[in-house]
Every structure is written in structure tokens, then in C-alpha cells.
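Per-chain numbering from 1; labels A, B, C and D assigned in written order.
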Amino acid sequence: MLEMRNISKNFEAVQALNHAHLKVEKGEIMALLGSNGSGKSTLVKVLSGLVNPTGGEIYIDGEAVQIKSSADARKHGIAVAYQDFSLIPKMSVIDNIMLTLSPCKKNGQIDEKKSREMAEYYLNELQIDVSPDAPVELLMPSTQSMIEIAKALAMKPRILILDEATASLHADEVEIVFSVLKKLKAEGTSIIIVTHRMSEIFRICDGCTILKSGETVAEGNVNQLDLDEIVFHMTGKYPDKEIGKQETKEKNHHLQLLLDVKDMAMPPKLKNVNFQAYQGEIVGIGGLDGQGQSEFIRVILGDHNYTAGKMIYQGKEIRYKQAADAVSDEIGFISGDRGRESIFPLRSVAENLFAGNTARGKLFAYLSPKEIDSFAKSAMQKYGVVAGGLRHPANSLSGGNQQKLVVGRWIALSPKLLLLDDPTKGVDINSRREIHRILRECTERGMSIIYVSSDNEELLEIADRIYIFYEGQISALLAGDDRREEKLVAAMLGIHQKQEEKGKQDDESKN
Amino acid sequence: MNQKINQIKRSPAFSGMILFFLFLIVYFGVQYLQAPESFWSIKTYRNFMSLFKSFSPLILVTMGQAFLMLMGIIDISIGMQMSFANVLAAMLPEILGLPTPVAWLIALLATILLAVLNGVIVSCLRIPPLLAGFAMIYVIKGINLLIAPKPGGKVPAIANQVFDSMLFGFIPFSLILLAVMYGIWLYLEKTPLIKAVYAIGGNERNAYATGIHTTAIKIKIYALAGFFTGLAGLCYTAAYTTGNPITGEIYGLQSISACILGGISLAGGWGNMASAVYGVGFQILVQTTVPKVFTMISKATGVNYNTYWHNLFSDIIILLGLVVTIFAIRAQRTTFISGLKKQIKGAKADE
Amino acid sequence: GPKADKKEESKEQTTQKEQPKPEEKQPEKQAEKQPEQKQEAPAEKKGLRVASHNAMIEGNPYRAVYETQIAAAAQKAKEMGLISQFDSFVANNDPALEAQQIEQSINEGYDIIIVNPIAASGLDALIQKAADAGITYINADCIYDSDKILNVVVDQAAWAEIQADYVIKTLGKGAKVVQFNGIDGNSASEIRSEVWKKKLPEAGIEIVKTVAHNWSDIEAKQLMNEIIASGLEFDGIINQEGANGIMDAIEESKIDFPKCITSSEEVSWIRRIAKVNEDKEAFPFIVVENPPGIGATALAIAINIRQGHELDPGKMSGNNLIYYTPQWIMTHENQKERLESIADLPDSTSVSSFMSVEEAKAAYFK
Amino acid sequence: MNKNKVYYFVKNNQIGMALLLSLLIFVVTIALNPKSLNVNAFGSILSLMSMLTIAAAGQTLVIIADGIDMSVGATMSMAAIVTVGILRGREDPMLFVIAILAAIGVGAIIGLCNGLGAVKAGLPPMVVTLYISNVVNRLQYVMTGGTPEFTSVSLIYKSFMTERLFQVFPVISFFALGMYALIFWLMNRTRYGQQIFLIGNNNRAAQLTGIRTTRLKVINYMMAGILSGIAGFIGAGNSGYIKCGAFDGMTIDTIVAVVIGGTLLAGGKGSYAGTAAGALLLIVLSNGLAVLSVSPSMKNLIMGVILIILLGVYNRAKPVRA
């Protein structure tokens, strides 16, 4: 039905795809797997016309086709629910679902009534409970995600692609989506699912294609593969069963309380959060995407304003108005959303490393370029950033190196508290290890770290204690022997622990 | 009823509407105070109606600009384009001896073509619209001056008579024309084309990802704006019976600020044609009323304030109007969002 | 505010100072006025209402002086009881606003409307309307093509001829000149240019370059700089305005003075060129006035018409055209006395004359 | 291979290209009109270029920080009028100090308004600075009653400001050099400069890195206002006759000079050297068209087309399809 051969794509210095393959049959559900940054989304976008490949061919029903634009993809019956959405924030739910699909009356105007009926059909099908006239920007991420899926369904595609569409969905929503997918499969639709949730693969997928660094490293039937093998193909190593079982440091009691957050709320994203970070520890924050972790960490930084509760840092109650206030109190922040929140793509490697330093100090005092260079040089040596040169623009680096640049920027300044929001997104395994090593060294020197991650494995590996967020609340705190994958997953999904969690929270609030 | 009011309050044109009606009251108030005895006569009506005649070119240009701004594009050369149509319509009969209707048709088509060229430069060459506008002003000014080195040309008197006429003795021709053009918007508003325009203005990448031919739509809308601009040029020709190569230039910036005053977002995807009309109406009323207010003040106090003061105050009022509009829109949007902060995911999609 | 009042005052002073200078018969005039004012008692009762429409004043010093002088003349007429109301409107170069303002004036029933328009066309419909309403509509400064109105303009052809004659006399046959126009397309600028383009070649003088400085000293300077930089050879300069800018460029590049320069009547220029020529005639020049007071003259004529006086066709140039011939001319010969006559004018203004109501009557009426 | 090299040079060396194009245009001009090769040509080009470069200093800073300042011209005019008004043709050194302080003050106030409007209030910079510039422009007329009482600085000062050493090096070009040193120091030798580059490149990242972006951008607008004020002060001496709105036309020229000099309109990348190169290109082009007696209409047309070509080469936005 669909076959992609030898697809390559370079983004400047980054090779996102390297002769990748993908093949899907009619009525087949194919899982497209790979670690972060392995090129899954890029492959999907090549198919949907959003990315112009450097090379390769696409065959549909055995015929070579040219996909030069999204409209071309549509013509071939390809519809995608994008990882980063394709919704128009200010437009209503109906308009978003029916954009380009609305039936017209004889006079060329949109038949609003029919259009509404059709949109409502898909809303019902996916059991999305929203007002069809609400602008989508007002909706929760999970609802937006459902609308994105509805939008793709409404195109009645022959090939449906869901790019991590389930990442921010709740368990019941995932069920609904899967039942719809099964129906479509029965109707002969080919489906490609990109996901990081391994359980989903075995539940619904037939085939499986694994990408690593832009190359297709494995293709096959799901029942021929087991989880370990999949992980091996994705990462190049077998999963370490020992993860999470490492010694707990149990040093909390000897150490000083650095940050104490009490009953913090920021409706509707955060409710009643109690949180502590001690000096010299790494506190992990886990949970599904969009459960309030990012907001929480930005509240600490002063980038968001909270409406209730208080924050005590170094024994003093604080309320930052902006990130600069926090930074001058020696709090650092590293975002995983590199492009938007941390890298200065046009500025040189040296300037990027020096950026944290740039933000401090007298505005008009003499600043020699040598100072910047020597700072950058030493940071580069320490943190192993591989760069063409200090003067090259940051966007000439590969993704992993860009991220190391950002990490290096902050660690070189050794703040008292370092906040990290999924800092290893799209970072390869070695760089990731490197970053972890650096962070551990830092805690030894007394730095405290709050580490948000969407990757459970990573959390279990690096964090001393793990707070898990669910719907804006902390659903569990895992410390010591509790730090086990199944507990973590359960807390993330907010499933079995309802009572337990309640009790725990009561405890916390009593404290 | 309440629901209706709420709907109006939420409309993008709300703040523009308030500004407009506020100044409409000022306008009539001044008329009344100037001559209370003759206020309730036909004169007041005629005075008001004559606004449509004089300003229909600006109103049409603003409507054309509004189409583009909804798509997130500004075209500061649009005023020059109007002059292009005007110069062609006036000069072609003189230079080539063409009959007037043919000349006017050519002027209209040529303006549409020029607008399409502009669209190609912006959407295919992907030059930022602001800079493209600067460059196009040079180009079109050059062309206009080549066609008509000085104001002039041949315009038959009948054109002006028709344009100046009143249907049934009380509806100005220009008002009808404007109503028809607004009708075009009312029709288009419900078509997939304008939905696509909003989508592109809201988020171009996502509109593209949804399968919208963004380039094609942009060029279509440029052509549509060109149609409005060309028509504005013809109105100008009829109203002033002359071809003037450069006087339209100021309409470029005036139309943009009118749209913003009316509540159209500079970033695109937010606003509607009513916004543009209210905005330009507000601007026109300020321009025409402020000198009168000063006349009244000087009559009352005996102190003469010259035109420099009129202009200063007009500009200050428009600047304030701008500030009010933008804050109003923001307030509107925050009540919309009712406390919901912009969500990380949504923001990401903006990229 | 208070600051504004002060400005107004100071401006009035300026104009008052300006007025008497070119009009040396001022005292007698004042004396004559008293009895006449009584005669015009009925007109006073009616109270003429006057509206002035000017295309723009910002960025155009000429029109700015036009504006202040017509306002001053109107103020005087008001004091004398000849008119009851004077309002001034400026269209900021926006034809729509201009048309709108004129239409409103017509609707509001002003008796006299004096227009210095943006362009020489485009107002026919309004003129018709004004005629129907019995309004005295006078077009001032730039000629407007219509037989329904009276044009009161400076005789630009005469102005240009005076300059051309001077250049021909000074340079003689075979000379080369650079021509500086105002704004291409502006009627005054075009009329002058046409005269020069005809007269100079006839006299065997070659115009080697023609440029337009948009009545701006800064642009004139840049253009002159470019001309000098291009290595163009020329003997003299025939010019409409902006002589200061031209002079700046000449001094800046330290080239020799050309053999002559012509210009109109900015006081700063007059003083500057006079200084250059203080001891001997180092840089032959001629200054010919193009009085911005033409609007005030138009007002005087309009009042006469409303008072029922009849225009003398013999004193007009065509049945709807009154030419005001430039009178204030300065060359090296009369440099001293001319300088003295403007001794108390500030640098920023220009020499300008206009007619009082009586003078206008004497000059153009039966 | 060779082709690639040329492409790489053209793409990545905008300053070099601007200079190269300027040279090319100049050579063509001379070839078509050999008389135009003379000392005065150099003097006049240098003088005009210096003035434009000085005027574009503030614009460079603002555009690098991802803003735009449509009030450069109005600020310059205002400062020039204030300068001339204070000097009143006198030459007392004290008065010069007062005049330049006043020019700086005028610039700072206008810049502050721009900053508050464009950054604090978050209005679109293009629109808000444009309207503020309108108001500033109108204020000049109200203040002076349309025609300033004094239109020129004293003769001696003026001839100093317009003096050309050896007929070639105008005094004003030394002011331009001084301005260059100042801006170079500001942009490349202070945290201020570093910060505006970072803000222009990625405002959100700069904010999260701890830069007080709002404050800095307001300061930057003020800085631009001050620089425009200084430019107005210099212009008052250099341009001879000052009237209301004398420098209004400068605004667009500064934007064009900045952009064709390699500064990104979207901010984050650029240099003042580029602006100077852009100014040179504009002036040489305009000079060339004048020297070749191109009519004003053709001059406009050619300028526009060349601008579009330059923008097409250097200022294209990224395509939606990656």
C-alpha cells in the first residue's frame, strides 16, 4: 500500500533521516518507534509534505508518487495528527476540524449546518466533550490532542498517521482512540502510530518499524519482537534491569532544606502542590505530558505567577516577578524546548555558553571578547561540547551538542538550584550519560537539582526522589525503594493509587 | 438579548465600534453646537453623506488592506497602488486615446495584476511584507510618475456626475458602492476562502499542514485586495476627475492604522471587515471633526489655534485610540481565556 | 495653553511687521479706511463669513506664510468690520479631506471661500455647487482650470521671464545653465519651467541639466552636490527656490561661484547673497518675489466683489484670471536699499506683499 | 566547486557584497560618465553616507533587538530644531553643551515613549513608533508655529561641519567614525550589546536565561532615541537649513540601509559596519542615478527593483515546508 524508500533529510548540520525505510500494508497498524530525535516525526512530515526530503522515493499502491506539499499528501489520502498539532489556536473547534473539508452550498458558501453535523459526528465518535464553538486555544492539551485526531479522522484518510497523539491523553481517552482505530483498520485504513508507550504497541499494532539516528534499523511483525529487542534496536543496548535499584542516598535528613513549596496553586494547571528540595539532591518530577510539571518549574522560576500558596527558598519567602529575579538568586533553568526557550541559534557557540553570564553584571561595563572566549573554552572542555569552533553559530551544532551547550551555560555558573525541564529531549544516549554525570558531579559540590523528565527510565536512573504529577497535583512521591517503574507508571496514569494518593496528600498537608 | 450583547462584546470589532460611535456622537454634537437651529435639517444629513463620497477611496483601500491583514500581511504600498489605478484611468484616454470605459477596465485589471505581483514577491520570494512594501512604493511611484509626470488626464464629467449623484435623491452613489463591496465581504466571509485566510493569519504553518495552498490563497487575496484598491482608484478618479501620481501614498499607512484601530490584529487571524470599516470611520471622523472643535473653541475663547494644533490633536487622539483598541482586545482575550494561561502546547504550535 | 497664546502673538507681530514694508503707502491707507468703513455699514451688519482652504502647510514654508498672511489680513478685515468670521482649513495634502472640507464650507453657507488647492483639477463639482449656492469662490496661488471661478495668482510666467532676462543679460550667448525646478507637476513650477525652456534656448543659452528640489533646501543641497560630483560644466544657475541649499553645496565643495544665480524671496537667502556681494559683485544674482501674500490679496478682492464692486475686465488677464505681477526685485544694483527695507524681518520668513481692500479695488475694479 | 564558493560568499558576506556592489555601481557610473570621477564626488558621497550612517545608529540597535523605530526621522528633526533654537546663530561653547544635552533629552523622551508603547504596552512597534513620530512631527509645527525663528546654525559652525579636508574627507565623516567607535563599543564590548543580540535572536530564551528583557528593550529604544537626537544635533550643523520635519525622509532610508547591510529584520544578527556599508550602497546608487541623469521616476523604479533583488537574496523568510 505505502512504501517509503531511502528517505534522507538534512537540517543544516543535522542528519535527521538517513536512507530510512517504511512499509505499511492495507489495513495494517504500524508502529514507528525510535528514541527521541531519531527522525520519526521527520519521516512522518516527509510523507505529509511538510518536509522536503533530500532524497528517496515514496510509493503508494506500487506507484511512485511525488509529495511536494501538504495538499499533495491530502490528495493521496494521507492525514496526520501531528505531535506539535496543526490546529489554528484562535479558530473554533468546528472550524478546526472542518478546515478545508466543509461542504459548500450551491452558492459557494459553507453549509454551516452540515458542517456542524459532520464535526459533531467526529466529536461524538471520539467522545470529546467540548463546546464546538470554543476556540481551541482555550482547551486543555489533552482535548487539543483529541481534536487534532478528530481533524485527521475527518479527512477520511486511506493512510492515517498519529504522531505521539496519545502522549498527553488519559487512559480512558486512549481507549476511545484505539477503538476507533480498530474500526478504521477493519475498513481497510492503513495506520501509522508513533509512540513511546511500549504497552500500546503490543496492544494494537501489527507491524513495527524502528528508527535509530535516522536509519531504519529494524522492521517486523510485533509478535516477532519482544520489548527488550525493541529497546535494543532503539538504543543499541539491552535495557538495564538494574535501573532504579541503585543505592538511595537517603541523605535528605542530614541536608538543609533549600526550597519549600507550600500549597501552591495556579488554576487550572496547578492545584495544591507541596514540594521540597534539599541541598545536594536531584529531585525528579515525572508524569505524562502536560500534567503541570512544566508550569510548576516555571512558577519556581518566576516565569508564571501562582495564585495561592507560598514558596520558601533558603529560608526566606520569595515571590519572583520574572526569571531574572530568580537568576539573580542563583537559580538556573534549562529547557528541553531548545528552539523556543534556550538556544540562541544565530549567536556563536561562545556567546551561547556565556549567555548566563551575560545576564549578570553591569550593563555598560567593559566586556572583552577574550573573557567570553576563555569562559566558553573552559566550559567546552569541561562538558565536552563538540563544536566546529567558538565562533560558529549555535545552529551549526547537532541537537545533542546544542543541548550540552545549554547545560554547560548554566553549570559553569554553578547556581544553588538548577531547574531542568526535560533537558535530554532529542539527546543521544552518550550525551545523555554525559549530562547526567555532570549533574551528579554538581550535586556533590552542593548544587540542588530539580529534574523534570518525560522519560521514566531516566528519572529512575538519576533522581533521588521523584514527585509525580497528575492533573496538576502531585499523585505520588517515590523515594528510596519505592522508586520502581511500575509504581511510577501507576502514579503517572493516576490509576490504582487513588486512595493511597489521597492519604498521602492528607499527610503532606498535615505536615 | 443579553446573549446578543455578549456576542457584540466578544466581536473583534467591539472596541473599534465603541471608538467609532463615540466620535460619531462628537461629530453630530459639534454640528449641533455650531448651528443648533439648522441641525434638524437636511443639511446635516447631506454633510454626513458627503463623507462617503470624499472618503470612499480610503474606505475601499482600507477594506482591501483588511483582507491582507487578516492573513497576517501588511501592504504599505497599497495607497500607491490606488494612485496607479487612478493615473491609468485618467491618463490612458489621453495617452493612447482609449475610450474611458476601456481605460477604466484596463486600470482595474492592471491594478489587480500589480497586486498579484506584490503577492508573488511576498509569498513566493518570501520577502517580509514590510520591506517588500517599502520597495514596491519606490517601484510603483516610479511607474506612476512615468505615466503621469504631473497631475492631469482626461476624465469625462459624467463620471463625476454619476459618482456624485444621489439615488432617489437621498442615497449617495458612493454609499451604494461601499455597501455592495461590503456585501462581497459578507458573502465571502462564509466561504472556504476566507476560512483559509483566517487559518493562514492564525498560524501559517498549521494552515499549510492542513492542506491549504497557502501561496495560492495569498495570491488570490492579493488579487482581491487589488480589486478593492483598483476600484478605490476609479472612485478617486471619478471624485476628483484627475490623475494624481503620488497623493495616494499616505493611504498606505492610514489604511493599516485604520485596520488596527478597528481591532484587526497586526499578526493576523483576528478581526473582520466591520473592524476595518469602524476603524477607518473613526479616523475620518477625527480628521474632519477636530478642526471644527478648534473652530468652536476659538469662537468661544477668542484664542485662535492654527492648523498645527488640529493636526497635533488628531494624531494624539488616533494614538490614544490605538492604545485603547489594543488594550481592549487584550482585555477581551483575557476574559475569553478566563484565567487560563496560554498553554505550553498551544504556544508551541505557534512556531 | 499659555505657550500657544504666546506663539500666536509673536506670529501676529511677525506678520504685522512684514506687511508695511513692501507696502510703503501704509499710513495713508489706514487713514482712508476710517470713512470707508462707515460706508460699508450694511455689509458689516450682514457680516461676511470667510473660509480659507489650503492644501497643506506642514513642510511647506511658502504655504505656511500664505496661511499666516491671509489670517492676518482677515483679522484686520474683522477689526474693520468687513467680515464677521474667518475659518481656515488645511487638508494635509489629502484630496479627500480637501474636498470634504470645501463641501462642508459650502454646506455651511460661508460667503467667501478661498482655495489654494492640492492640484489644478478635481474640484469642478464643488465649484459648481458653490456657484449654485451663490458663494464667492476664489482660487488663489495655483491656477485652477475652470471658467466658473476667479483665479487670483502670481504671474508665474512674468516671474520666470524676469529671471530669464536677467540670466540672458548676465551670461550671454553660448552659456550653460543648470535649472532647478520646484515640484514636477506643480503648476507654478511647470509654468516657470516652460518659460525658461523656451526663452533661454532662444537666446542661445543651453540648459545642461534640469532637476527638481521639491522646494526643499536639503534636497537642493543634495542635488547640487550630485551635480558638482558628476563633473558637469555649467556657467549659471536658474532656480525657483532653495538657493540656500544650492549655496551650501557650492561652499562645501569649494568650487568657484557660478556666474549667476536666480531665486525667489527668502529673507535668509537675501541676506546671505547680499553679504557675498557686499564689497563687489562676486556672485551675480537676482531675487524675484513670489509673494505668499497672494491669499490675502485674494481675500481683499473677494471682499470687494461681495461689496458689489465690479471687476474691470481691462485690468484682468482673461475673464476669470487676475495676475499679480511680482514687484519686489533685488539685484546687486538695488541691494542696499532692498536690504534696508527688510531690515526688521526675521531670517525665517520671506518677503511678501499683498494688497489691502482699497488697493485691490483700485487695481482691479471699475 | 567554484560556483559554490561564489554562492557561499554572496550568501554569507553581506557586508562584503554591499561594498562590492557599491564599488561596481561606482565604477559603472564612472565608465558611463568619466567626468564624475573627481574629488567632489568622493567628498559628496562620503558626506552623505556619513550622515545616513550616523542617523541609522539607533535604528541598527533597535532592529537587532527585534524592534523597529519609525520615529528616527522625526526625532532627528525635533532635535535639530531644538539645537538651532538654542544656538540662535551664536557660538558660545556653553550653548553647544546645552544644545547637545537638549538634543539628547529630546531623543531620550521620544525613545522612552517608543519603548513604553512597543515593549511595556506590547503594541506593534511599527505602528506605535509611527504614531509617536507623527505626534513628534506635529509638535514641531506647534512649537515653532510652522517656521522656526532660526533655521540655521552660525556660519562658522556650519562651515566647520561641512568642511572637507583635502576636498575629500568631510568633517562629518569623523563624526561618523566617532559614532562607529561608540556603537562598536556598545554592541561588542558591553553586556548591553550582548544582551540585545540575545534578545533579538530569541527573546524567550533570553528572558529565561535571566535577562530583564522588558527593561533592556525599553532602554534600547531610549538609546536609539538618544542616538537619533545626537544625529539631529549633528544634522543641524551639517544640513544648513532646518525646518520642521527636515529629516523625516531619513526613517525609511535608515531601515533600508540597516537591512541591506546584513542586519536581520527579525533581529539577533547584524552589525553597524553593515549599516555603514548599506548606507554607502544606497548613496552610491542614488549618486549614480543622478550622475547618469536618470529621471526621478526612473530613479524610483530602479531603486525599488534593486531593493527587491537585494531583499530577495538576503532577507527571505524560511519556507513553511522545511
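Keep this in mind: a contact is a pair of C-beta atoms (placed from the backbone, for glycine too) under 8 Å apart; a residue touches a chain by one contact, two chains touch by 3 or more.
Note that the structure is predicted; figures quoted are calculated from it, not measured.
Could you state the distance in Å from the CA-based centre of chain A to that of chain D?
Chain centres of chain A and chain D, defined by C-alpha means, are spaced 44 Å apart.
Cα centroid separation between chain C and chain D, in whole Å?
Inter-chain centre distance comes to 36 Å.
Go ahead and note the Å separation of the Cα centroids belonging to chain B and chain D.
Taking the mean C-alpha position of each chain, the two centres sit 31 Å apart.
Quick check on chain C: which residues sit in contact with 2+ other chains?
4, 8, 57-58, 67, 184
By residue number and range, which residues of chain D touch two or more other chains?
Expected reply: 138, 141-142, 145-146, 296, 320-321.
Which residues belonging to chain A are in contact with no fewer than two other chains?
50, 69, 340
Looking at which chains touch which, would you call it a line, ring, star, complete or other?
other
Let me know each pair of chains that touch one another.
A-B, A-D, B-C, B-D, C-D
Please give the residue numbers of chain A that touch chain D in the complex, ascending.
Result: residues 11, 45, 49-52, 69, 301, 303, 322-324, 326-328, 333, 335, 340-347, 351, 354-356, 358-369, 372, 409 of chain A touch chain D.
Within the complex, which stretch of chain A touches chain B?
Where chain A meets chain B, its residues are 48, 50, 69-71, 73-74, 80, 82, 84-91, 95, 99-100, 102, 104, 107-110, 112, 135-138, 140-141, 144, 151, 155, 168, 266-269, 290, 294-295, 304, 337, 339-340.
Going by the contact rule set out above, which residues of chain B touch chain C in the complex?
34-35, 43, 46-47, 50-51, 53-55, 57-58, 145, 148-152, 157, 160-161, 164, 236, 239-242, 244-245, 247, 250, 287-288, 291, 295, 303-311
Residues of chain D touching chain C in their complex?
33, 35-38, 40-41, 43-45, 47-48, 137-138, 141-143, 145-152, 158-159, 162-164, 167, 170, 239-241, 243-246, 248, 286-287, 290-291, 293, 296
Going by the contact rule at the top, pick out the chain B residues touching chain A in the complex.
Interface residues on the chain B side: 187, 190-192, 195-196, 198-199, 202-203, 205-213, 269-270, 336-351.
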